[in-house]
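Chain IDs A, B, C and D follow the sequence of writing; residue 1 opens each chain.
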Amino acid sequence: EPEKLMQGLGYCCPVLGRTLTQWEKSSLGTSLLVLRKEKAVDVLKFWGKITGTQGDYFIAVSYARPYDFLPTFYYSRNATDWDDLEPPASLEVAARLSKIKGLLTGDPENEYEVTEMQIPEDAEEGAEPEEVVLQHKEIERVALIVKAIDYAICVIPKGALLRTPEGVVMENPAFDGLSEKEYRSLDSYLHFRPDAYYPPDDEVVCADTDLFLASISLDLPVGCWTLKASGAPTVVTLQNLVFPGTACFLVADTGEHGYCYIGDGVVNDDLPFQLPPLPELDKSGL
Amino acid sequence: EPEKLMQGLGYCCPVLGRTLTQWEKSSLGTSLLVLRKEKAVDVLKFWGKITGTQGDYFIAVSYARPYDFLPTFYYSRNATDWDDLEPPASLEVAARLSKIKGLLTGDPENEYEVTEMQIPEDAEEGAEPEEVVLQHKEIERVALIVKAIDYAICVIPKGALLRTPEGVVMENPAFDGLSEKEYRSLDSYLHFRPDAYYPPDDEVVCADTDLFLASISLDLPVGCWTLKASGAPTVVTLQNLVFPGTACFLVADTGEHGYCYIGDGVVNDDLPFQLPPLPELDKSGL
Amino acid sequence: DPVIHKQSRELTDAATKFLKTQKLLFAPPRDTEDGEEVVDEGEPNDAEIPDIMEELRLFESVGIGFGPQESVKIARAVWKLAEDPKFNLKNVRFFGKILGTEGDYYVAEGELKEPNPPPEEEEDPNPNVVPPEENGKGTNKYNYFVCSYPGAPWVELPDVTPQQIQAARQIVRAFTGDLDSKMATYPPFPGTERHYLRAQLGRIAQATVLVPNGMLNPPNEEEEEITTNDEFEPLTPEDLCTSAGWVHEREFVRLQGRVEKWSPPPPETDDDDGDEPPEEDDTEEVPGILTSAEEDTPIGETPSWVGRLSKGMPAKYAVACLRSMRWPGAYVVGTYGEKVNKFANTYIGTGHKSLGEAYAPPPPPAIEQEFDDTLLIEQPDPSPEEEFPPDDEEGEGDDDEGDED
Amino acid sequence: DPVIHKQSRELTDAATKFLKTQKLLFAPPRDTEDGEEVVDEGEPNDAEIPDIMEELRLFESVGIGFGPQESVKIARAVWKLAEDPKFNLKNVRFFGKILGTEGDYYVAEGELKEPNPPPEEEEDPNPNVVPPEENGKGTNKYNYFVCSYPGAPWVELPDVTPQQIQAARQIVRAFTGDLDSKMATYPPFPGTERHYLRAQLGRIAQATVLVPNGMLNPPNEEEEEITTNDEFEPLTPEDLCTSAGWVHEREFVRLQGRVEKWSPPPPETDDDDGDEPPEEDDTEEVPGILTSAEEDTPIGETPSWVGRLSKGMPAKYAVACLRSMRWPGAYVVGTYGEKVNKFANTYIGTGHKSLGEAYAPPPPPAIEQEFDDTLLIEQPDPSPEEEFPPDDEEGEGDDDEGDED
């Protein structure tokens, strides 16, 4: 929420080491309220900032409630003027986009070329695939990055949402935080992935509802989530090391929670090598 | 609340033009949590800062609930270590203290001398009053100033509290802010003065309960309250011009509210001369 | 940020308009989408402006300021003013904020590249009335710009007249936030709140704008203007923490309401108002330029300036703050840099001078020349002080001859 | 601030202890009430420290930082370190933060007034093993201090050995936050996380500590040390926004893991490990002192440094930021001052160098001399990259000879 932006950032910044500038905070504080009014949405949240070499993308997200719908993302280049961030057109496009590496520039119109083997549509049957050069705009990459990160880090504490027998997902009005034992365990944090939400990248679409509210402790690679409770007492922060720049927070005794991302959108592929062996293995090995 | 300190200050600072330094905010954020733990109180709020020539007093206040009890004040000179702020010993002492003028120094032990005409206790009946020099410490003045200001600015929006038929005062769980029409009217803001609370200075003790939850629109001099809604939209701020440095805020659509004081404790005696004539009179007069 | 939100929120139209105005503050200057608000009259102006964010940080470290969000908006609003070709400013700074009863004024102060032309002469100027100084000189050296919130349009205030300065010295009246509100005061003030505001801003600036002692050279035989002292050794925070570390930058305003003395033409017939005895004026001792702030008249036992150092950091990096007891709300901050002193002035207050005692309106003039219908308003209930004015009028007198105006 | 509060809150004992430790950060240094925590061993030390709050403001204006509250705690914690007579520092600065999986390290870097004495000689030093540089020189010129949160006690890290530097260059391993955790890596690392941390900090500093180009004079005939250039004209933010505006301040670390070249004694019998061919070392071309950051080796098509200017303020006051692509998390910021460039370095990251391609462990040595039981641990599941290491090994080689270490 725009009104809670400062508070949420206050929890996330100390663990991220990255922050919004005063300028950005001030501008967002104004422009998100206008955006919420213009889009006439109930829930509008600041989602994060993706840094390019020349400019940044500010991302906001709105949800319709009850929560059975896709989140809608918006982006802004100056934290003032907002546009819709269209999701990748198809899984195919998403897969293609995910092949583009390197830093973003900050210019949504920046063109990337992807070379791909394709069978021409008008070709005869049995024709050889040909090399095709496809052009994509940077903003499409941004949309994919946002989806991928959101898929990974949209996390809610256990008990914050509930599903009615009719299948409607809604906030649990009785939720008031987690106990100390609970908030120190990864098992208490669940992925929020509404059914209609398709996974990014080239993963298989998973239509069953297990992904919705699955515990993050099952995420791979093992150890990709860190949980720290050292900042303010009663505030827990989670970070997904696969996406450096992510932070989720929970105020344990009030149940307030949220997440944000400030980073350059790069995935840490080396994580499996970086993580120390699991404690048990460590013991047996030495 | 320590947790909401930043948010409250965020509403008050723009109208005050005075703020806590980063240092002070950071220190208060830690030490108030420790104080709440040590005093084992439910509600502990930052109340304000009183500036002296050499040092400052930071003031916090705790309430017991239900609200039939006196607020308890605490003070700190470094925003880290807290002591109890004892209320003035008696109305007599309060009256005497109110005669001391001039700026505070910031040293609680600083001694002030007050010369007073008194009839010596051991004197015969009908004896003439003699000039007596009495010494008072600065911290006693601070306590009086805090009481006086709190009496004036402890304001709650209409509907935020309710009194049960048994006379118990408690928060109204259904309170969720004021409508636009309401929040723009001074009539919607009420003094919070629990019965047991005695007025400062040399006013008559008012035992009846009218003072409790009286509207601030009746305060004198007429025009001493200013109401501004220009900061963030949906946030209203009130200032009592008799005590420059006071600010109350209300987030109109959520009902969050609070107040704080940042100033040197000086009362604006010239206010009646400064205020322009009331609009009606103005019209008829010109 | 939290996922759950309790209730839908409707902004009022007024709030929406306010937000949209403020949003323009952040929009890139010449890149606004809806054509309506674009100020595209040629190149942006290149007025010099100080590093406002840095200045606001100095103030923040001694407890003065509007909070981080508002600070950004203020800095941006002043920058927009500096860039606006319409105002054609040579330099501009954020002056401060005047707190009013219904609304506030954010104030910027600057010099024009080309001074405004003098207003058209009145048909029959009274030769005995002290004339105003022309724009760009003396009391009108600086121009003032006000807006009611950062992002709202800036309004240029008119030049001040000696009569307004004189009247402003005799009244205390709260600002309402409406530039056109009537001044129903006794003694009467010639003008509306707009002129009163301009007069007070000038008085405040003259009395409270300080620079570190030694940083500027007074005019001498070689240089007629004030020059920067190239050999200046930056002062330490301790030095800057006493009034001896600072000198007044602005020129003294005489009793007659001008910086440069004006002598009336030799009287032909003695028909003056009796109010302005020009001979007395001749005896006025005027402090020189760059007078030390140490010499400002104290308010009774309270010194005119009280100094404090910011806390919590090594002494070398402390920020020194002097606050004016004479004009509560006026602050000057300074800090030691490697080769320079960073410093800044501001004023955040109700625009009133502290008299050191309860205000008592001046006694009515001996003979009323003309019926003044602005006096026909009802006065607020008199306070005890008003009904029984204190005998001691020294403070008042002191004040008018003293350190300022 | 709101009057109403919903529920009572109980802090856990751990949280209370944490808060009380942090509270001490703010307590006046020698005025703590409960005697237990008072460090009262003589006068406070007078280590030079930069204006950390100002530095953190520069970082904040380009989006790097921990938020205002944490910033104050960090500044205060570093100040406490500077004042602590136990550490006897000549100077100290906030270096940055290493993010670990279980906990983080806040890092300070400084020089000691008196270098630590060399550790006691091992009984029979292998004459062919590259000896470490002594404290206060070369790779051990600076000492590093870490704590797990601002207010927690500072721990001094040990000096680094050439062997540790060499091993650190070949592994990527996340930090856990526990200084004593074992280094179960391949190739093996001689030491615990403590030593690995020290080695990485040294590598980061060497590769990413920059100063504005021209501010320092390289050693010449007259002066043997680096001196400050008194004629230096401050660079503009635009200058500081490219790697050409900056030079490396730290000396280059050779392949052998030392700044100063060490030549082994002439071999008597050829029984060396085969790992350290001293002759090859002779051919190493070492960049001179104060090399331009422009010459750093790019990572494929990505330049080694990417520059950005802060937004929203006049260009003159913009803050320039270079971020290192080689060491993601390393930043240098600089701004134009009236007579000086303010600038600062920091590192906030996981402590890993970017290789520009997926990491592949080096191939095992040709002949294993001795059975190393630290290798007996289970490896994590190999990723495709690991199973099929990319053919192209250039980036890797580039990297080791390149701009850093």
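Just so it is clear, a contact is a pair of C-beta atoms (placed from the backbone, for glycine too) under 8 Å apart; a residue touches a chain by one contact, two chains touch by 3 or more.
Because the structure is predicted, anything quoted here is derived from the model rather than measured.
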State the pair with the higher C-beta contact count; candidates are A-C and A-D. A-D
How many Å are there between the centre of chain A and the centre of chain C, using C-alpha atoms for each centre? 50
Could you please state the distance in Å, as a whole number, between where the Cα atoms of chain C are centred and where those of chain D are centred? 50
Per the C-alpha means, the centres of chain A and chain B lie apart by a whole-Å value of 45
Rounded to the nearest Å, the gap separating the Cα centres of chain A and chain D is 30
Residues within chain B bordering two or more other chains: 7, 9-10, 22-23, 27, 29, 33, 78, 233, 254
Shared-contact residues (touching 2 or more other chains) in chain C: 9, 11, 16, 19, 26, 53, 61, 68-70, 72, 312-313
If every chain is a node and each touching pair gets an edge, what shape is that graph: line, ring, star, complete or other? complete
Complex contacts: residues of chain C adjacent to chain A: 1-5, 8-9, 11, 16, 19-20, 22-23, 25-28, 33, 53, 68-73
List the residues on chain B that touch chain A in their complex, please. 3, 6-7, 10, 29, 33, 232-233, 251, 254
Contact residues on chain C for chain D in the complex? 26, 49, 51-54, 57, 61, 68, 72, 75-76, 79, 82, 312-314, 316-317, 337-340
Which residues of chain B touch chain C in their complex? 9-10, 13-15, 17-24, 27, 49, 51, 53-54, 56, 78, 102-103, 176, 180, 221, 223, 226, 228, 230-231, 233-234, 239, 241, 244, 253-254, 262, 266, 268-277, 281-282, 284-286
Of all residues in chain B, those that touch chain D in their complex: 1, 4-5, 7-9, 22-23, 25-27, 29-31, 33-34, 36-37, 42-43, 45-46, 63, 78-81, 156, 160-161, 171, 175, 192, 249, 256-260
